[in-house]
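All remarks here apply to the structure that follows.
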Amino acid sequence: MKGLQTEALTIRFGGLTAVDGVDFSLTPGEIVGIIGPNGAGKTTLINLLAGIYAPTSGRVVFDGEDITAVPAHRRAALGIGRTFQLIHPLEDLTLVENVMTGFLFAGRRSLRAAREAAAALCRDLGLGGLNRSTGELNILETKKMEIAKALAVEPSVLFLDEVMAGLNSTETLDVIRMVREIAAHRNLGIGVVEHVMGVIKELTERVVVLDGGRLIAAGPYSEVSQDPRVVSAYLGGSV
Amino acid sequence: MTGFKRLQVALSVAAGIAVVALFLWRPTAVVYGLQRAGLYASIALPMALVLGIVHIVNLAHGEMMMVAAYLSYAAARALGIDPLLALVPTTIVMFIVGIVLYRLTISRTVDGPELNQLILTFGIAMVLGQAVNMIATSQPRKISLDYVSASATVGDVSFGVYDFVFVALAAASLAGLYLFLKKTRLGQAATAVGQNPRGARIVGIDVQRTYTIVFAISAALLGIVGTFFMTKFSIFPTVGGSYTMRSFSLVAMAGIGNLPMIVVSSVILGVSEAAIQAVPHGGGWSPLVFFGLIILAIMIRSFRGGRA
Amino acid sequence: MSSIEQRPRRRAPWVFAALAALLAFLPLVAGPYPQTIARSVLTYMMLAISWDMLIRSGQLSFGIAGFFGLGGYAAAIGATYLGVPPVLTLVFAAVVVGVVALLIGAVVLRLRGMYFAIVTLALAEIFRIVMHNWSSLTGGPNGMLLPRSAFDGNSVATYLMMLVLAAVVIGVSEWFRHSRIHFALTAIRDNETVAASAGVNIYAYLLTAFAITSGIQGAVGASYAQLFGFVTPESSFNVNYTLIPLAMTLLGGMYGTWGPVVGAVLLGVVGEYLKLFIPYGHLLVYGVIIVLVILFMPRGIVGLVRGHLERSRRTTTASEKGGAA
């Protein structure tokens, strides 16, 4: 089976169960929203899928194979891409070099090929001034670089962790258009974590709702947003 | 949290068993081991304080103790007084040295990368060691004192009495630090800063001032330890270096921020060192076991801490 | 536009390399004393470069003296018991120390920051203690004499040998700088999670870097043993071999080949004069340099110069761009 599935995925940090028995799936071609109040476990779920954390129990399956024990760098090579909620540019590398790393390591390309691929990808996303240091980028360019870095591992599933945060409405529309194009042209499964419900409504065909580490609802946004459990999760949360 | 508690209990039990077993075999080794543990703990506690609150590893820690020892030595020689009378002036001078050192150097890297802090304090260690070497030469110094060699005999076990001063010192430091951190306003502020510097800043605590005072207190404690150290041992410019490493490994074994466990770790280290030296021909190799223990302690700690 | 940016960047290293070559051969005609200084500069330079190569990954080692001393002993033991020819002891030591580092690194490279730094310091002590106590093999505290030294101690030939070794080390460092290793190590230094998410096998790259840099330190230790004809625990594992290269790299600038080279030439020559004026405690200056550079010039001399060049270049390209836009 193509794409990414989890079975009863759970991780505990000391006494806190950050992700609790979550069954989640993402197949190429679909855009899925991952929503929930602050501290619901959204970023932790992405870290589990990307292999940054090892789960306490449960399984992660990718393209039909159990990858629960596969380390992060090999998951990137398999085709799991992700952006970071707190943006971490590799600040000692230039814009194009940041994007290159994925092609270079996950894609095992040569330096020259990786640089060319990165330059082409940056052009596709409307990023210029490739030899600038990351400190010189504005916020929209930084966000685009994050997306480019994630795309550079040539993923079949991609997780965008609050890429719209901090953008104004025009910039947000720009990125939404970009994400749509990526989904259409590259046949990716995209998981979108976002706090702005307008974005989720715009972009996604279905959403999953996390609260306290548990998956409390799933379905199209229009249905889920009416679900009393979801409403109370948000009202009871910090939003 | 539970895993951490379990490790503490396990370490304490291990220390207990080691002490009892060694006592049955070589009672003198236990006495030496405990005395040594006192010395180690009294040097490691100030490092634990700085590491737990200011969050920097002071690689000049042992050298600061060495400088304090030389200060007391110089005072005793120049004034012709008993070195222990130099305790008060040395402690005060070291407190000031701590303030100056922190303000002039460490404060500038405290928000920077850890790499810079490590290299900086390594450089300070070299400066202190080399400066003392230049002023006092590498010749070992010692003042012979009658009361230091007093010994006692219990049953058929005979041992030096004076060395227990380090056990008392360790106990006093631990108690003093405990009271400071729990009962004084300054200590409570320091604890808050250690746990969450940003939060403490928001509540209105002057973080840099707190760091300065904590570092100065640590330096002052080293002033006390250094003075007692020079009454018992020969001092030379490189005498402090190995105590930096010892202290760090004890802090790592105990867990950063956990002062009472320093004492338990010190007992493990002191008693096992004494045990190896009690083995015939074990003397030359005993440092190897010691450094092996250091690495082991650090490895175990980092594996447990890796997830947090 | 990219061609405009590339050109000045490429010319500088060539001018620099030509100058370096000239400097490198100068001691051959300048007499024995300059040659002695030049040999010591080369020794520290290679150690400085190797230390820098590892810190490009963010891993700080205080164990240079340990691998340096181990290399000296490997050379002495190889020559004495296995009959390794003098010049080949350099290769022998590099391999032995590299393998030792690989085995140790497999365990300790799970550590980071202060934990790794302290463990490397402890490792250096362990090597010294083992060599000190394993008397049947190493001669104990008295150390061992090499059966015969390289080129029978001919100073021109040994100097050339050091020069070749230095060229190899610079070559390896430049290979690190201009291959995928550069991207892997820089990414690891900047952010390990991001590096792993780009597919970088962090553990494998750290292990490679640690083994290669330790191997270099071992080879340099072997060349030192060849130069002096003996090894002892106290001289071969001397903390100077950690302290001086560190000061040189910091002064010259970290994260590149030319920082350590510049720092080694500067401090190496200045250090010789200091030795004449303050025979006891001239190392104080190295400590002071470490402290001052970290506080006031963390990018070192090369970093300063490069920053200055980039600023001036940026203003020119900006004005060109401004004209176009």
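Some observations on this one:
A, B and C label the chains in the order they appear, each numbered from 1.
By definition in this document, a residue touches a chain if its C-beta (ideal position, glycine included) is under 8 Å from a C-beta of that chain, and two chains touch if they have at least 3 such contacts.
Just so it is clear, the structure is predicted and the values come from calculations on it, not from any experiment.
The chain with its CA mean position farthest from that of chain B is A.
Every chain gets a centre from its CA atoms, and the centre nearest the mean of all protein CA atoms is that of C.
Taking each chain's centre as the average of its CA atoms, chain A and chain B sit 47 Å apart. The distance from the centre of chain A to the centre of chain C, each centre being the mean of the chain's C-alpha atoms, comes to 41 Å.
Between chain B and chain C, the centres computed from C-alpha atoms are 33 Å apart. Within the complex formed with chain A, the residues of chain C that make contact are 2, 5, 179-180, 183-184, 186-187, 189-191, 193-202, 255.
Looking at the complex, you find that chain B touches chain C at residues 57, 105, 108-109, 114-116, 118-120, 122-127, 129-131, 133-134, 137-138, 242, 245, 248-249, 252, 284-285, 287-288, 291-292, 294-295, 298-299, 301-303, 306.
Only residues 55, 58, 60, 62, 107-108, 110-115, 117-119, 121-123, 125-126, 129-130, 132-133, 243, 246-247, 250, 278, 280-281, 283-284, 286-291, 294-295, 298 of chain C touch chain B when the two sit together in their complex.
Residues 50-52, 71-74, 76-77, 81-82, 84, 88-93, 97, 100-102, 104-107, 111, 130-131, 149-150, 152-153 of chain A touch chain C in their complex.
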